[in-house]
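Below is the structure I would like to discuss, written out as structure tokens.
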Amino acid sequence: MPRRIDLNSDMGESFGWFRHGVDEEVIDFITSANLACGFHGGDPGVMRRSVHLAKEHRVTVGAHPGFPDLMGFGRRNLSASPAEVKDYVTYQVGALQAFCRAAGLRLQHVKPHGALYMMALEDERLSEASVEAILELDEGLLLYTTGGTAAEDVARRKGVRVAREFFGDRPLHSRGWVMFGYSLADAGDGTPEGMARRVVQVATEGKTVTTDGKTIDFEVDTVCVHLDTPGAAQLIKTIRQALEAARVEVRAVGTDH
Amino acid sequence: MPRRIDLNSDMGESFGWFRHGVDEEVIDFITSANLACGFHGGDPGVMRRSVHLAKEHRVTVGAHPGFPDLMGFGRRNLSASPAEVKDYVTYQVGALQAFCRAAGLRLQHVKPHGALYMMALEDERLSEASVEAILELDEGLLLYTTGGTAAEDVARRKGVRVAREFFGDRPLHSRGWVMFGYSLADAGDGTPEGMARRVVQVATEGKTVTTDGKTIDFEVDTVCVHLDTPGAAQLIKTIRQALEAARVEVRAVGTDH
Amino acid sequence: MPRRIDLNSDMGESFGWFRHGVDEEVIDFITSANLACGFHGGDPGVMRRSVHLAKEHRVTVGAHPGFPDLMGFGRRNLSASPAEVKDYVTYQVGALQAFCRAAGLRLQHVKPHGALYMMALEDERLSEASVEAILELDEGLLLYTTGGTAAEDVARRKGVRVAREFFGDRPLHSRGWVMFGYSLADAGDGTPEGMARRVVQVATEGKTVTTDGKTIDFEVDTVCVHLDTPGAAQLIKTIRQALEAARVEVRAVGTDH
Amino acid sequence: MPRRIDLNSDMGESFGWFRHGVDEEVIDFITSANLACGFHGGDPGVMRRSVHLAKEHRVTVGAHPGFPDLMGFGRRNLSASPAEVKDYVTYQVGALQAFCRAAGLRLQHVKPHGALYMMALEDERLSEASVEAILELDEGLLLYTTGGTAAEDVARRKGVRVAREFFGDRPLHSRGWVMFGYSLADAGDGTPEGMARRVVQVATEGKTVTTDGKTIDFEVDTVCVHLDTPGAAQLIKTIRQALEAARVEVRAVGTDH
């Protein structure tokens, strides 16, 4: 059976004169870009340029909406109500859709950012909020989230197609999801080659080893590497080459329908 | 010849817990609502509720994008570049389009807010920026601006349909445009009835009297009253009744095609 | 024994063109004003004007620092670290001290706002953060907080003088603290007279009745009424008159040393 | 006659997770640091860390208040009123004074940032606004500005001590002030050595060559190099060494009284 995988990165996270990320260095190695939409990073100019960069390199574009917390980069929990979350997703995804339309692109997916991503994994009402926003905007939009979570369940139940995500640069707890604030060095082999082997395993076998030493089943459609992981560009390149060496096709999720 | 006119107000300018405007009091008397899009006022929740309010009362919806100056309510000049202005318009209008789509509405027009509106009247490059953004988003969108200005010229040249605006609550200088920071009390009859007579004159005769006492030709498709003008609700009601008494049809601009 | 009490309100919460609160209507009835410092409300101009308003009416001034969440008015929990909280308090209190200095006033107290206030009641590390910030800024600053909480314990242990607060317009749970999102109408007598009786009881007897019907001891130095409680101006006036009728001296906390 | 000069850089301009500048690389070569105060860059955490960095390296600290334009890094003109400018300066300088007090330091100077600096050079009312804010905060504060301008005149007239600034990395127009948007490569010798020679000339002879080829008198107390000038760290090091080789004492302005 031919295996395939999408490689995604969070991009377009600069803001005004503030640079964040190494977008240009990785754009040739990834297949999907999750673009910040102005709340935790990104601004209108960054968004337009990021859409163009992705288009030029034939990378599919997704929206990466976050909490309105620029100072905390959207990585802090905020007790926003489901209605507020729905409004925030609609606003940010709508803004990015405008830049996509201007560039003649169609938005492929939505991947909530940071704390919004993490909180929705366990919180059904927050997940419903995001999914409802997506359905109102474009029923063809994919949701990028971690498989086996409330977020996946809600999306499937409501009819939103899910791309199940694996974080190539973050340990996974046996409870099933990514652990931020920990590096893979704390939890196994933190070299680019070690991380690449881990990605190839999950992509080819549907299995991965958790921080507490268990081997668990983990179906995955897309692999994420963060651009603020030290050595991100080299890491992504190494992962891509390892996947190709293992005859895994690296392709955007949305390109098969 | 049957005359017709659109009555518009800037609405949806509240932000978070901060209330601004008397939207509910005037919604039954206007025909178009220019909704703030988050930069000078408005937030995602306010935008969704404002779109619903307009829909419920059969008022057409326009976008009211402004400078990113919440502290100054978008009423201060900012030396943003044309590229920045284009990006700001795309972002804000795109976000509002998303809420319209979610409500099953189509956005009718774009009216730049405050300093962005005023600067574009004289600055061709800023006008081009807004018009280009509009064309990329939806070629059917109308631009609300003052007639006889660079803004109108640029829009017509580029193929964007213009609704020529008259400010029912602001004096007009013979140079041809609205004077903020002045009240009609300084420049004529500041009573609701006086302002209504002035609106009826411009709507039926295409003429108005300027602050410096000249009667000038002034073609107009839409009349604006600001909700922070003292007594705005009563003023709008009086204007509407005066127009109807003068057999001017009060109807949204975009409904005739 | 002569009883005395301070009456405080959160004030200066307007932002730019957005009005919030009825500061001018209540300033003659309160003895301390907690002024927003720009993060959840307030802006530099509002802060200067609010300090002047307080000075003119001989009302003592406190700082009301909040989370950087203007859209949520600082009323949403944010998982900021203690170090971040300390920095936020230092920044905001320092900014207000500057306006006080410019007006020839000394800042009397610090009262954390909204979610920051509530989170600190139970979270010792957040309370320590605020208290450390206070000590570095001015050792004479009082902390306004609810008595019998981690916040009070931490402050006393570190040597910061505490004014124990009672919310005149919010029910109290027997667990000991104020319940937001509930009105007194849900939990007793919601009339101004009813609320005033409740305040007089706590001020004179050191006892109050909780939402679950228990009468508990509750020592109190200051009583707060929120300006966004409907009828706030009338309510505060009624409370003040009831206190005076009960021969409770209404005076700022900080004026006795 | 022994010559002396201060070397200053704008620092602490990072915001949240967004890094800006190379503060750690230049701190050993400068004598004064102008710290961003949260409006155009800097946040409370960055401010505390920057004050500590400066203290540790015995660099004097100044405030670098800017317009509330994070997206434009305070480099865009904003038509704020003098009253607004005064309030913005008070707020930001007050916040930084708090972090200085916490660290046991006294703020040495105020240097308006970006567009606020440039606008004040010609606009007497804006200069008065800044100077009045300074006087209310601490009469001992120095103002860093360009000599021979309205800003200098106003400060001297009102009794604020001025440090006259020269931009080591920006061309100077014969009209007398710095030209942003131009590099020295456009206007002479853009190498570190060339720029250092230019600084040594102005420091030792009180003369400099303008973009239009004139040699003008230019008295200078402090030299600024921007950290976003390419190669800033090497440039500052080269300038410092050249000054010392020319027997110019490099010392903070405020240390001589």
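Chains: A, B, C and D, in written order; residue numbering restarts at 1 for each.
Criterion: a contact is a pair of C-beta atoms (placed from the backbone, for glycine too) under 8 Å apart; a residue touches a chain by one contact, two chains touch by 3 or more.
All of these numbers come straight from a predicted model, not from anything done at the bench.
Across A-C and C-D, the chain pair carrying more C-beta contacts is C-D.
The pairing of chain A with chain B is characterised as same-residue: of all residue numbers used at this interface, over half are used by both copies.
Centre-to-centre separation of chain C and chain D, using mean CA positions: 40 Å. Once the centre of each chain is set as its mean CA position, chain A and chain C turn out to be 42 Å apart. Multi-chain contact residues of chain A, defined as those touching 2 or more other chains: 43, 71-72, 84.
If touching chains are joined by edges, the resulting network of the protein chains shown connects every chain directly with every other.
Residues 14-20, 41, 43, 70-73, 75, 228 of chain A are the ones touching chain D in the complex. Remark: chain A residues 38, 43-45, 47-48, 83-84, 87-88, 90-99, 101-102, 133, 136-137 touch chain B in the complex. Put simply, chain A touches chain C in their complex at residues 68-69, 71-72, 76-80, 84, 115.
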